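Have a look at the structure below before the remarks.
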Amino acid sequence: MDSFRSKIIPVTTILAAVVVAWYVFAVVLNAPFQRDLDQRANESPGTAEFIGKTLSQPKPTLPAPHQVAVNFFENTFLRSVTSNRSLVYNAWVTLSSTLLGFAFGTALGIVIAVGIVHVATLDRSLMPWVIASQTIPILAVAPMIIVVLAAVGITGLIPKALISTYLSFFPVTVGMVKGLRSPELMHLDLMHTYNASRAQTFWKLRVPASVPFLFTSMKVAVAASLVGAIVGELPTGAVAGIGAKLLAGAYYSQSIDIWSALVAGSVVAALLVMVVGVAGRLVDRAMGGRPA
Amino acid sequence: MTGQSPAVVSASKLGLTFQTNDGPVQALSNVDLTIGKGEFVSFIGPSGCGKTTLLRVIADLEKPTSGAISVNGMTPEQAREKRAYGYVFQAAALFPWRTIERNVALPLEIIGLSKAEQAERIKRTLELVNLAGFEKKYPWQLSGGMQQRASIARALAFDADLLLMDEPFGALDEIVRDHLNEQLLELWERTNKTICFVTHSIPEAVYLSTRIVVMSPRPGRVSDVIESTLPRKRPLDIRETPEFLAIAARVRDGLRAGHSYDD
Amino acid sequence: MTGQSPAVVSASKLGLTFQTNDGPVQALSNVDLTIGKGEFVSFIGPSGCGKTTLLRVIADLEKPTSGAISVNGMTPEQAREKRAYGYVFQAAALFPWRTIERNVALPLEIIGLSKAEQAERIKRTLELVNLAGFEKKYPWQLSGGMQQRASIARALAFDADLLLMDEPFGALDEIVRDHLNEQLLELWERTNKTICFVTHSIPEAVYLSTRIVVMSPRPGRVSDVIESTLPRKRPLDIRETPEFLAIAARVRDGLRAGHSYDD
Amino acid sequence: MSWLKPSWQAVLALALCLLAVALGFAPKPDAATLAQPTTKWLIIGMLLVAALVSAARLAPVVEALMLFIGAHLAAWLLIHSIGGFERTELALTLPGIVPAIFGTWTQFIWNAMARGAGITFFLLIAAAWLLAWRCVALLAALRPTDTLARTALHMIIPAIFGAWILIIWEAVTRGAGIPFILLPPPSAIGARIAGSLPVLGADVRQTIFKAVIFGYVVGSGAGFLAAIAADRVPFLRRGLLPIGNMVSALPIIGVAPIMVMWFGFDWQSKAAVVIIMTFFPMLVNTVAGLAASGHMERDLMRTYASGYWPTLIKLRLPAAAPFIFNALKINSTLALIGAIVAEFFGTPVVGMGFRISTEVGRMNIDMVWAEIAVAALAGSVFYGVVALVERAVTFWHPSVRGG
Amino acid sequence: ADKVTLQLKWVTQAQFAGYYVAKAKGFYEAEGLDVDIKPGGPDIAPEQVIAGGGADVIVDWMGGALAAREKGVPLVNIAQPFKKAGMELVCPKDGPIKTEADFKGHTLGVWFFGNEYPFYAWMNKLGLKTEGGPDGVTVLKQSFDVQPLIQKQADCISVMTYNEYWQLIDAGYKPEQLTVFNYSAMGNDLLEDGLYALGDKLKDPAFEDKMVRFVRASMKGWKYAVDNSDEAAGIVMDNGGQDENHQKRMMGEVAKLIDNADGKLIPEAYERTAKALLDQKIITKQPEGAYTTAITDKAIK
């Protein structure tokens, strides 16, 4: 309760500051076009009226917070959650492939990290290619992946989830390789004196020691996974999901729609990161973590 | 030296050189040593002379760069794989994410003891080091000495025939130390374990050992080996006997000879 | 007790209780203590009795949960901010990314000494603890005792008027220990520092201290305070005098009384 | 038995070779390829010899060398033997003559394997691959004392691994006759890279030397500073971190058009996207890293009444370095992806992302892959540099020191 | 029913109303077809989809189709619903560009992804370099929206008559405030939305018959859509289109490009397109057999 209140005040204060800055930017960024517009329409409004107009354009360069808020509110709460236009529905579509991809990605990332830490051949040969794989611009190959998978008959959630997997396994691999190698030498020596098997050293020492690295990586991975899910929605015809909303907004310069989809995406991202963070803290607590 | 009993540790011309950023450091040089079954050998010598390194070589945690060593007639590696020894490190090396009792359970889990037997050994060894009541605490909730005792309990629970102990009692007060010395002697006598024991305390070395190896530094060499003439059964007050004091004096001399504070 | 000289540390009815996952642990209870300027006070007591905790309270690393404490007439926090003391931890706590010499330089950098003065102090203190020649090594390349000596050098280089030392010589052999004991006494005499010293060695406590505080465990209390009648100038062989032995015996009795191994 | 120590790879390779020989005598041997019996027997013979020799008790270096030669020569011959399936030239010179085989994907592969290059071809490629695997395993187990040899090994092993990715890719695309515009073979990509160096160079300059580097430095820097600010000011920590999480985990696809709108279509908007993408990993990792220093070390700094900044610089940042480098490594790849993707949303007519999206439209898929290859190379170099700096800076961390 | 998969070139919008109408109104069903319409998008190359076996027939622009043909995907135009091109370049009248002569030294927004050919053909004709500098034009790869004009990042931008043009109108430009260079009007147009299938599959009479039925039903759909544009826009909305008003307007504009909805390819238009592509070296050889009138001949009597 206390921690709740100690969070609420700073968050609202900073949010308020962001909103004020946002309004200022909105006026500044929308003004040139409004001036053009007025000029073309041969109007010369007063300052207050002008500012009002910059904040109520239908397709503003930067929508004002209240425009986004209204749009967000309408599309979140006023539409049935099964409607194609509901943000809740679209967020759910994205979230489901995000979660699936994140689960795959985390598992794959850990498996690769374990391989790299334990098998000299993999450490030497695989890591450079894992890195190279991440420099492939996913948006360029995603369509090909989707086309190929569709040809094999895999459609729906899985192709999108695979793109999430592709983006999210990497942070986990990098973090876990570090984490699995982070035990103190003395602890490794101790396991050595017990002639512990690799599996035992792994489960009893390397895994617990890597936990802080794992959760930090998972926070990054879950955000990457969301990006992957959104990217994956584009070449599948952008039918539903936050990515589809973003794209549809972009075709028609519906900046307010874009922004409210972005807000929805961020809310989902923040929630996911928060859930991973809380999970991390719970695990730390269960492992006898010392309060800072 | 103790040719009659089979050698548990036997080293000849053992040398070890570390490569560091500013040149090689010779930690051990030309060490010859044979330790028979059931012996209690103490290593004593100035700080940095190579005692830990020698123990680590026996334990297959460091590879010697010259000379030969065998443990139980095998290479240290084979001996380690046979779980021939228990090791108490100079620092406690407890896992921070395990409670004390689970730290002690660690080696037992690894050798695959049943839960019941684990519980029994944990209880027994924690009582031995007087940590009953602290089973559920995490290491950072214990004092330095308590952590060290937990790590001793962990090694004792492992119950190997050869015990390698690196200053196990350094962080303990005299009373606890006396108590644990007695317990260790009693254990040694009862189980006929072989014990290699690093210490800085001359009385402790003399009280416990059948043989005392005095080392001198840079490079670490064995400068003296002193056979104890004390009986195996040793009450605490043996430490006031002239025989005891004579041996202690000899150790002190050996120590001082190899020392650099001669000024 | 030492009412004449101004109190450096003064505690009354001091208590500290840790909250742990399985209930509160009372580490200190009802501690009354006054330490005057220039005193050398040793704390001795069984492992886990609260010695480290008491030092940490003085150093403002732990907040007491009851009672009052002042350092140099201020709160411990103010004293800490005035850099009133140097602290030697029970473990070495060296930074692995700094060489030994840069570890010693750490506090000097923080108080903003000139490079030249830093170099001078580093050289002096590393020589004092006999680590000359190891300046460029990293902590993990040193033996346990050498690490501990490096941490002592670091505290001495800091050069505060109050020194809090938590078993600084625990990991050292008798010869080095004797040497460092002498050095410390010499330093104390010369600089008139106040020293709070935790040790497990009764002879060490008696040899060094003007006063010996014996503590007993669970909850940690002061069970006896023994004023030393030895002169300030103390050659090493004072340890064989009857006066010395008498004080040692008294400490041992106090210690044993508070101990749980009475069986 | 003492002179024999067969590895499972060699045994399996042997079995595959024998199977291929057996199939060769089957009533309907492979139709189009390996028609040249001499080449065919040369390949099979070479693989058999390599497999058998590797089973003999030889010095690992010798064995590895034999395997290396056998496997790669066989693979080279194999791929050359199906030159008739080379699509690049055919497609360019004789459009429409080569009948492509269509159908669902699986059928497609199977058909291709049966009718195209032939089962034998794939069996032999698999055998060669197994031998190369054995070779890598041997090399990875080598522990040369010579630093030069060590460095060489560090390059050779991933190179063999990578070469096999390419060989298998080449074999599958050409052996199975995969349409050029779906996936061109590496040889065609290589040829395209060689023929388009000036264009690729200009794209790299635009995308990497302008957008990526600037964005990476500013984004990572900003994430780092934000983490410090949040650490320094508890108010910010509680208020900024949740909002920071939110803003910085924004999807690029949504942000890129906005950035183009705000910062113009040149590299500045791409840099802005990179900044946003790299900010978050750095923030998260630095925050985690700042919590990673030990309690006793922090207490030590307290006893010196060390202020916030000295403690940060002398203790907490060094202790956080492994985490910070994690972020720098992840960011080195993210930055590249971000910049390229952002170029899909409006650019001048140069840049890696521009080229990729444009050439896809022109069906010059080999050029697309050429850009991808360059991106992968640049990204790996970037990552490698960061990793080297990491080793130098966090030399003290157990993950670098040993294990 | 026979299954047919159609891959569109772009997202669901009235540009493809004919197909959606044919499906919604049961025209396909009446021909014994079960048609699956896959929307496209900026990331989808229909040529790749059909080469990978993901579609039987695609909507494509001729430039892309002929280019893919040269890369070994034997695409054949089987029908050409759009007789005229909808692409144009627009410049605000208050800007620097009024006529073709003003282009020099200015920035023009162009769509790439295979849509840049008409533009380059035009510039070729005007003798303007496209590498920037005072003597040429600076080309900006334009996103799918009209922002570059609104943000004044370009002096002229590409629009489709049926789509982006109206977004400019919505953004406050009046038609009389815009200078329009229409590719069709200038005779620089390349053929846009046509239907393409793979040549070797067409050799199979069963497949050919399927395509005949498909084209017949599709053109029926187009006819219906042109005649009932509001209803057609509604059907597009039901299939995931955005902004109903906009779709209605788009339907009206698309109708102008469709002409009489017979779907027949006009060979002169084909020749002109092929020549323009050859001139620019987009393709290297005069294409052979890249279209067939057999299907439309059978479908539309």
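Note that the chains take the letters A, B, C, D and E in the order they are written out, and that residue 1 is the start of every chain.
By our rule, contacts are C-beta pairs under 8 Å (C-beta built on N, C-alpha and C of every residue); 3 or more make two chains touch, one makes a residue touch a chain.
Chain by chain, the UniProt names read as follows: A, D = ABC transporter permease; B, C = ABC transporter ATP-binding protein.
This structure is a prediction, so every number in the text was calculated from the model and none was measured.
Between subunit A and subunit B, the least number of touch steps comes to 1. If subunit E is left out, the remaining chains stay linked by touch in one piece. Separation of subunit D from subunit E in touch steps, taking the shortest path, is 1.
Comparing mean CA positions across the assembly, the chain most remote from subunit D is C.
The highest number of C-beta contact pairs joins the chains A-D. The centroid of the Cα atoms in subunit B and the matching centroid in subunit D are 50 Å apart. Averaging Cα coordinates per chain places subunit A and subunit C 52 Å apart. Here the spacing of subunit A and subunit D, counted between their Cα centres, is 23 Å. With centres defined as mean CA coordinates, subunit C is found 27 Å away from subunit B. Annotation for subunit C: residues touching 2 or more other chains are 21, 91, 138, 140. Counting partner chains per residue, subunit E has residues 42, 45, 48, 52-53, 143, 145, 147, 151 touching two or more of them.
Residue positions of subunit A touching 2 or more other chains, listed in rising order: 61, 139, 143-144, 147-148, 151, 184-185, 234, 247, 250, 288, 290. Counting only pairs that meet the touch rule, the chains in contact are A-B, A-D, A-E, B-C, C-D, D-E. Contact residues of subunit D toward subunit E in the complex are 87, 90-92, 95-96, 98-100, 102-105, 108, 179-182, 257, 260-261, 264-265, 343-349, 354, 357-358, 360-365. Interface residues of subunit A, counted against subunit D in their complex, comprise 6-7, 10-11, 13-15, 18, 29, 61-62, 120-121, 123-129, 131-141, 143-144, 147-148, 151-153, 170-171, 174-175, 178, 181-185, 188, 212-213, 215-217, 219-220, 223-224, 226-227, 230-231, 234, 242-243, 246-247, 250, 255, 258, 261-262, 265-267, 269-270, 272-274, 290, 292.
Considering their complex, residues 42, 45, 47-48, 51-53, 64, 67-74, 112-116, 130, 138-143, 145, 147-148, 151, 153, 198-201, 282, 284-285, 287-289 of subunit E touch subunit D. Interface of subunit B with subunit A (complex): residues 56, 59-61, 80-83, 85-87, 89, 91, 93, 95-99, 106-107, 109-111, 138, 140, 158.
Listing the residues of subunit D that touch subunit A in their complex gives 104-106, 108, 136-137, 139-141, 153-154, 157-158, 160-162, 165, 182-183, 235-236, 238-240, 242-243, 245-255, 257-258, 261-262, 280-281, 284-285, 288, 291-292, 295, 322-323, 326-327, 329-330, 333-334, 336-337, 340-341, 344, 352-353, 356-357, 360, 368, 371-372, 375-380, 382-384, 397-399, 401-403.
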